[in-house]
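Let me give you the structure first, and then I'll get to my questions.
Labels run A, B, C and D following the written order; every chain starts at residue 1.
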């Protein structure tokens, strides 16, 4: 007689060490084997879009900081680009250069967190601390520039809140010199560790056409092998002036599109960001960062969709203006929100421990999923 | 790579009545208005035809157009009657690099839009969000639940312009 | 078989490489500090607790309007002629009594948007970051220098002045009040 | 030791209890020290400082934590099976504590001089399995249950490679007594079993590589038996919150912690005895050279604890270096890698020792 078995529903989250915030995953499991995963979101819903309708355009910027709180510069960047498009204003060269440098530094900082938490989810706690130490350098660069460490409110419509600090260029170069060896160390300690490879290679394979259909962007899509990067695809700001490569998943140790590829794409992207910073840092033109800031920000009627490459993928702002001081509608296309959708698809047939590895490799930030 | 006028003409030839208008007055990309019950067919055509290959839906946004008649109720809040709710589809093609913006409008009192779930799977959560925030019913969506708000939120659809904060949620006072 | 031996070798070798890295770090100095005893030197632009220098405040309400979370509440009363409110450090003449200048620092999001519009640069962010409190009400910082009685007095003074003005205005044209009466009816 | 005390006191039970006090003290002191060491080692490996406030470099931190744990409210989930829930930590702790009965800390300090010491250790440490399963099941928590299932599968599987290596050592030395195994590896580190044992000859040199492999295998498999990284999947904090002791708090949780650190030292002690000469000094005894024979047992105790702690340090070092394996990979490592290698090792050692 066959034993009567039933599946077990395992609630992972909202309070769980590795759901990266307050995500709840409803796992249907047979022992350790996952049959289905249903993500439940909304625990961190802060009504950003409703708030934005009651704010003037500059007042929305501090709120955008809090979407993807690990990459606040990128969020500011996307929003100001959208509003500048709506206003149709020209930005001084100096501002553009500083914005690019900040965005790339932020990309490194954000990827460091992504890599660190991905490692920590799998059990390697030491790289986590090493990488947070390196992130600290970047945060102190930001703090030196605008006074805040996480939620910068740095990029303003038409300019920047502060000009860079006189020491900024020197310290950024110092950081780059310090940073390159730490990537090598990271690769020795974690990336090519056999156990780490075993845990991530061949796990959570995301085929390229599924990735596109699910709208995945950023390292998730690039990990699947498509060299899609908004910086190259739809160059905003001055990204078309810099040389950089778009690293893609090659299936070096497993299959193309597995967790390891998504992880390794981030490692390689940090290197490319360093390259962009190196190209930009010596060429910052002179100028005034406040000169183009409009006195009164009142865009004409119209709609705009502007997208930037945030560390987590394509961040889009869809803004409708009705000609008032407040935006009529602000919709955020949050990369993590879209990337998380694919979670259910990836986890099928894996084990409980793999759910963590997959979630870590998707690198979600609940702040921008729930908005 | 096609410009919006060409896309509009091609779609007009293919679908005729379902394609309503082309709005070029916007500061950025033009918007093609479409019949709300034909969107899934047009989506499938855009995705599958070799001319377009629009394989990616960047974002699907619900919008409350707030173009109905506004009456103030006793609390001084506008109640909107009539008018439309809209859904914007920002599409692009990863291989051919062109971008298309589609817009469908639907009646505010009975908002129904065909789901594009089967065309672009990414629309799953976007449509749930639009339903959650605006109450737009996406026909043939397999799992149309609230997504950001609690599942038992009964006070209406928060991003509508005439939304009123409820006083209580499950016996708890809402502002704190 | 070859793969099997390679896996064994890889497993042991990469573990040893990792161990070498961590062993090296065992002897590198720590980067953390003993926080309350040792403190990081903050950069000069650091954004922490808000402070208002009331000597310079002219009560223009610009900071309050710029604030995205409405944590600043300002109430002002117009001064009456003859009262000397002094001038600000950059030479502006004050014309308003600031009867209430409350900042709810618990709401503040440290975005610094209030600092830039201030015409006299009297509101700014300091480098004080340790201000935990046991009571939520203690987070409402009251910057107004006037006491409550004084504030009430200023208000009465101003209202009296208004009333006098109204009376003065009413005298030459006695028909005005009648008109308003008609309107209210 | 027991015999000595029995002669002294003349009461079996009292003598037995007194003998038990020694390992209990050692296990408690070691747990206090071990937790502190773990924190400091991890901190310095991660470029941090670790506990610094309680005493010199925070050495009293564990004591402070213990105080806190003793004061904590004892919470039992409503749906938990209270009897099993309460027994489980005691069982787990006694399992790891009982192993100390036969461990010779020095030639004079030995709880019980049983002839089948190593066999007893292998047997008694399985008691932990029952305790863990009870803890996981009784808490009525899915994470606990998953953790307990993993732990049981893991501990039972990894006993096989451990037992195979132990078997090869027993074959080589010809005794099951831990004390006798220690006595054999006397006078210099060259006589340790890891260097082929005390008998000089061709076989000694042939044995050395296989002894190294054996030591490595038993180190890895005991690592898994005490649930340390990279085999800490039963308590994998990023997946299962805390595994089988998720629902425990206060001193009951503390007992699991004590048991874990007790086990860490116990397995290190076993490896020390089997491969690294037990309590024997690698360089000869200071007491002998100044003809103060009473000093020798103390020196032996020092060497034993030093060797044990070195292995404990390596365990910690590994923990703060490696990620953890997945549950199926853990089984792969055991059944597909360790057991074949251990078996091969056993056969080769058997052949060599016949030479």
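Just a few scattered comments:
Assume a contact is a pair of C-beta atoms (placed from the backbone, for glycine too) under 8 Å apart; a residue touches a chain by one contact, two chains touch by 3 or more.
None of the values given here were measured: they were computed from a predicted structure.
Seen from the Cα centre of subunit C, the chain whose own Cα centre is farthest off is D.
Chain pair with the larger contact count among A-C and C-D is A-C, by C-beta pairs in contact. Averaged C-alpha coordinates give centres for subunit A and subunit C that are 30 Å from one another.
Between subunit C and subunit D, the centres computed from C-alpha atoms are 59 Å apart. A straight line joining the Cα centres of subunit B and subunit C is 40 Å long.
A straight line joining the Cα centres of subunit A and subunit B is 26 Å long. Each of residues 7, 11, 15, 18, 21-22, 25, 31 in subunit C touches at least two other chains.
Within subunit B, no positions touching two or more other chains are listed.
Shown for subunit D are the residues in touch with two or more other chains, namely 45-48, 320-322.
Subunit A meets subunit D in the complex at residues 8, 10, 16-18, 31-32, 119-126, 129-130, 133, 189-190, 193, 195-196, 198-199, 351-356. Residues 55, 58-63, 65, 126, 130, 133, 136, 140, 143-148, 151, 153, 161-162, 165, 185, 188-190, 192-195 of subunit A are the ones touching subunit C in the complex. The touching residues of subunit B, counted against subunit A in their complex, run 25-29, 31, 55-59, 61-64, 88, 90, 94, 97, 101, 120-122, 124-126, 133, 146-150, 158-159, 163.
In the complex of the two chains, the subunit A residues touching subunit B come out as 41-42, 45, 47, 49-50, 53, 85-86, 88, 209, 212-216, 226, 228, 233, 300, 302-307, 314, 316, 318, 320, 329, 331, 333, 337-338, 340-341, 370-371. Residues 4, 7-8, 11-12, 15, 18-19, 21-23, 25-34 of subunit C touch subunit D in their complex.
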